[in-house]
Amino acid sequence: MLTEVTLELLQLFIVALGSPLLVGIIRKVKARLQGRRGASVFQPYFDIRKLFSKETVVSENTSWIFRFTPYLLATTMLLSSLIVPALATRTPLGFMGNIIALMYLFLLGTFFLALAGLDAGSAFGGMGSSREVAIAALAEPTVLIAIFGIALRAGTTSLDGIVTRFAAEPLLMLNAGHLLAFIAFFIVALAENGRLPVDNPSTHLELTMIHEAMILEYSGRHLALVEWATGMKLFLFLTLLSNLFFPWGVALTNTPIALFSAFLALIVKLLFFASAIALLETAVAKLRLFRVPELLAGSFTVALLAVVTAFFLQ
Amino acid sequence: MSAELLSRLVTLLSFAALGLTILLIVRTRLEGQVRVFGLQSLVLALLSVLIALYTGRLELFGVGLALLVIKGIIIPRVLHRAVTKIGIVRVAAPYLGTAPALVICALLTIVAFYVMTPIATTNPLPTADAMPLAFAGVLTGFFIMVNRRRAVTQILGFLMLENGIFLLALLTTYGVPFVVEMGVFLDVLVAVLIMEVFVCHIKDNFDSIDVGELGTLKE
Amino acid sequence: MNAPLIEHDLKRLLAYHSVENIGIILLGVGAAMLFQVYRLEALAALALVAALYHTLNHATFKSLLFMGAGAVLHATHTRNMEELGGLIKRMPQTAVFFLVGSIAIAALPPFNGFISEWLTLQSLLLSFRISAHTVNLIFAFSVAALALTSGLAAACFVKAFGITFLALPRSEHAEQAREVEWRMRAAMALLALLCVVLGVLPALILAPLEATVFDLTHAHADMQFNFNAVVANGGFGWAAPLWMGIGLAVLFVVIPLALRSIGASRQRRYYETWSCGRALQTSRFEYTATAFANPFKRVFAILYRPVKDLDIEFHPESRYFVRTIEYENPSRLIFEDKIYRPLLRMINAAARRARVLQSGNVHGYLVYILIALVALLILAS
Amino acid sequence: MMLLSLLLIPLIATGLIAVARQRVLIELLHVGSALVTLGVAAAIAVEIWHSSVLIAAGDLFRVDALSALMVAIITSLGAITSVYAVGYIRAELSDAHLRRVRLFFALFQLFIFTMVVAVTTDNLGVMWIAVEGTTLATVFLVNLRHTRTSLEAAYKYLILSSVGIALAFIGTALIYYAGAGKAGEIAVNWSTLRAGAGSLNGDVVRLAFIFILVGYGTKAGLVPMHTWLPDAHSEAPAPISALMSGVLLNVGLYAMMRFKAIVDAALGPAFAANLLIGVGLLSLLIAAAFLIAQRNYKRMLAYSSVEHIGIVCLGLGFGGYWGVFGAVFHVVNHALAKSLLFIVSGNILLKYHSAEIRDVRGLMRASPWTGALFLAGVLALIGLPPFAPFISEFIIFRSGLESYPWAAAMGVILLVVVFGGMLASVNSMLYGEPPADIENGGGLRLWLAPLAVNFALLLALGLTLPASFEGAIKQVVQIVGV
């Protein structure tokens, strides 16, 4: 019992505290790749702390939705962190939802964020929300087909089930379908987290920004919460990518050793993905908004191929 | 009387019945048509009595009698009354003229033979040979209902069809049980009475008994 | 499927969604039939349970939403979203109820739309138990379709709620709006409560549904459920809406406390929305429903075929001063133009031809019977 | 004894009503007899449910599960409609027309009587007479309003049904011949035929079934013998339409089921199955064609009856335990839904004084109760969950997908067409602004109360299949034969 609780708390804190670092690392690597020194990897922590200490400006047009959303967003992310098998498969609260439920949980956050974007009644917010939900909606099919692809091979949709299965039979992963599913899911992860080439997290250029436009009205603690939640979402997605597709090191038993090694493995994998994303974002330019569907359509096709291969060459 | 003789007589009378049905196609005056039907009923009554004599089934006498009374006397009376009540009415020509109509009758008779002969041959009863004729009568009566515009003629066609069916049953199994037969006669009688009422209604409402003109209810 | 997005009449938007939800239900029924054909009774039962459950949920949240729309209509005398807005301040309770309905219909946890759609998805995913590749692919596509539907539904109700209730009123109709009488609110409250209960306590309704379906298919649905969780096909999929709800609630309380404990600043100032330094902020700056739907229109251009109409009137002296800009963006569904309409026209034409059969001529009717009889007789002997 | 009383009550009621002088007395006799009959029927049903069969008057009457089910449908719907009929006729005919009032109620009882006889007798001939009797009893009812259109409808109804039934008599006679011809004994009963069906002459049975199909098919309203149905059902006063559509068609089906059992035993299932599926699909097709953009809502309901009888035939044709089960179940559901709709349509007619769909607007606002019931009925009829027809159609087409996939697929497609067609028309009736001259509420709202039974049953059977009910249907299925 105690170990379970500690495990959940451990995951909670890893996600909660690790996410800013992840963001920092991505920025750092990016800076280096672009030949800049870049800010310290701990910069996000400083930002968040500063924002928390600042006063919060709220538009008088807004309603409770606007103030409510940041908390809900953080809540959904923290809750997800209890479900995602970041360290171990035996997460006591893992039964709360399978991968599909998890995706719908993320969508809940997006839903409210979009509402908040509309709430202030500024043109930017509306533009941001409309684009955000558009992308989210278009990403849905890819997500589920990719999940279908995984479920086909793992024979289950429960997160820990998938991890256990692949950990038990690594050969299952030596398969075109697996790779394709991974690619599809990766693209979706980029889209859902507003990374390049879908959205540029570091721009505030009015007409191109999506996520940033949506949260333009936020300031102070609200902004801090939103930024933090965004970081957590990225962290969770990368964790999913690492542990669902490359489940090496994930603790199948809740012994301290296993958990510790799982922790190390997670760090390594996340570092890898972080630098991958950084590399990608320096390499590619942002797509025009209306090219995004093409990208998602591409990922959808890939996912479908994953499913087909799973059916035809088992 | 021998089975041989019976089957000959039966076939003969059945021919007569069919002939009368076809005659209805040729006759145009309503009174004449009604009389033709009465005659046919008489023939059928004769047939049933004949078979009754051969088989010694008493109820067949009863059937014959009922037939004579109901279809031979009452129904013609009723129809005659209707005809007189209607009086002279303009009447459109039937859909098919006499000649093509007769051709159709021939075709229907062929169909009847084609359909009924296989069964007739397996039927042990001496009367069975005439089954196709009876069925031809049915189809012809049906055709009269289709071809003739006047309500009264349509009813007569229906009655001919009924007669044909009665004959068919008679030939196949010496008729259905007495109760049933009586019930059937009763139904037919009531039906004709209702039809008569309707014909008069139609005359009053549409000032014509051309049922082809009843065409307001579509689709 | 995505017709509602470009629909700016609140009630018609809801009506469109009914079609969509019936689609989801029929998806479940169809899946059930296919499972039956392949002798997977348990899965068929699962799919059927999901379908029936969704029927029930659809009834609840859709009537809730219709009531909400009715309330809005009653309070503002308009159903055109472009004239609404800011209602959340004027009719707060209605807003909450409508929000609940929107979340439920968007199939987001922990409300009732989520769990039934989740079940449907599970049954569709389990289709890989069928060993016929074509069928598998059909299922794959239906999974994608269902996913897209739910995504678009979410988007659509962000629009419906956001444009109708949030920001500033776009007309004095909305300005004058007042909360509706208590009976209406009570009814909506009841339905909203139902949405929550059906959402977090699926076991309540799943038990009877399962029994019904058992009568029908004589197979127990391939699922286990209690008040903690719903499990599809052994370990294939888990969901515990109740615990999700609890978790959300707990964490939602914990976070502010944590923030206070780390001494985050709590001062707050109300100020007008940033509007690129323009003087006063009016509702004219707001994003409209049309604008909101625009990305979708662009994305599904092939389906919507947006018809642009930009009409700029320049100032007489210099063409760099614009006097008025008129921008119209009506759009038509290509489905309607290219598929539905022709299909309907075809069917109607065929029907019209068929109607000649009932000519009203009694002789004709007799001919039908005669022909039918003779034909059958000749065929049979 | 019970059986005879079941037959005698409506007959006596007919006589008494024919001589009764005061309107109230007539109405009392009418409703009373209907309710008593229902009670007796219930008792009989229970009896059958425990022991297997009831026999009366020698071997003339014999009630098994199938007959019991039909009796249940006839008497229960008879009771419901007879209550409504009182209110409807009060609104339709003032005391000035006492003769016609008396005629109406007398014939109503006679109609019930003939139907009960038809389904309870064991003798093929007597059944034939009774079925012809139903026509004769209803034809005046169709023409009750004495308008030109009602007269036209009645005449067509009389002629076409009489011809059809006459053809059915040929089939009956041929079965007689096949059954009794060799044995020489005359009385031919279902029970004896069913027993010795194996040894019947195949050719004769084959021929006979065609006559039966065409003949009783006319009564059941199967395409292409259905042409009288929309006219008669739309012209008859609402309660009669309800009984004709909901019950009388089933009597025709009942006869076909009986014969099908014999034919299957004699020839194997394929022969009857192919015919039934062909006719069923044709009915579905034609009904769909006429349901699209139908202008008259009573005719719409009538055509939907054609459609549903077609579905039942498909179920019987698909065969197998589930096919027949679904068919029998669907008979019940259709009876419930259709009688409900026709009765409600009576209210609509009284309110809007028009049977044209385009004249009916804003029903939901003008009279919410009527509108809501109408909507519920239509949703049930087009086979949406959670109503019972959805379940039965599901069962039928599921079994079809296994035995005759193509036919089933076509059937489903046609169902979708019907779905769209009917929903469109009904929407335009329910919503929108009611015409100015329509006063809100009012109507015969109270007289609709009995419909609560239909609605409750449709919903209950849609949500759960009680074991007892399923058991009963199972018995019926065994009689129809699998």
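Labels A, B, C and D are assigned to the chains in the order they are written; within every chain, residues are numbered from 1.
The rule is short, and it goes like this: contacts are C-beta pairs under 8 Å (C-beta built on N, C-alpha and C of every residue); 3 or more make two chains touch, one makes a residue touch a chain.
Quick caveat, the model's predicted, so the values are computed rather than measured.
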For chain B, the least number of touch steps when starting out from chain A: 2
Touch-network distance, chain C to chain D, counted in steps: 1
Chain whose mean Cα position lies farthest from chain D: A
By number of C-beta contact pairs, the top two chains: A-C
CA centroid of chain B to CA centroid of chain D, Å: 31
Interchain centroid distance [CA atoms averaged], chain A/chain C, Å: 26
Separation of chain B from chain C, taking each centre as the mean of its C-alpha atoms, in whole Å: 65
Averaged-CA centre spacing for the pair chain D and chain A, given as whole angstrom: 61
Per-residue overlap in chain A, given as positions that touch at least 2 other chains: none
Junction residues of chain B, two or more chains touched: 115, 118, 142, 145, 154, 211, 214, 216-217, 219
Multi-partner residues of chain D (each touching 2 or more other chains): 155-156, 159, 163, 203, 207, 230, 290
Pairs of chains in contact (touch as defined earlier), listed by label: A-C, B-C, B-D, C-D
Complex contact set, residues of chain A against chain C: 52-65, 71-72, 74-76, 78-79, 82, 93-98, 100-101, 104-105, 107-108, 110-111, 114-115, 117-123, 125-127, 129-131, 133-134, 136-141, 143-145, 147-148, 151-152, 155-158, 161, 216-217, 220-221, 224-225, 289-290, 293, 300, 304, 307-308, 310-312
Complex interface listing, chain C residues touching chain D: 22, 25, 29, 32-33, 36-37, 51-52, 55-56, 208, 211-212, 215-216, 347-348, 350-351, 354-355, 357-358, 362, 364-366, 368-369, 371-373, 376-377, 380-381
Chain B residues touching chain D - in the complex, by the definition given at the top: 115, 118-119, 122-125, 135, 138, 142, 145, 151, 154, 158, 161-162, 165, 168-169, 172-173, 176-177, 179-180, 183-184, 186-187, 190-191, 194-195, 198, 201-202, 205-206, 211, 214, 216-217, 219
Touch list for chain B against partner chain C, complex: 95, 108, 111, 114-115, 118, 139, 142-143, 145-147, 149, 154, 211-212, 214-219
Chain B partner contacts - residues on chain D that touch it in the complex: 123, 125-126, 128-129, 132-133, 135-136, 139-140, 143, 148-149, 151-156, 158-159, 162-163, 166, 169-170, 172-174, 176-177, 180-182, 186-187, 201, 203-204, 207, 230-231, 234-235, 290, 294-295, 299
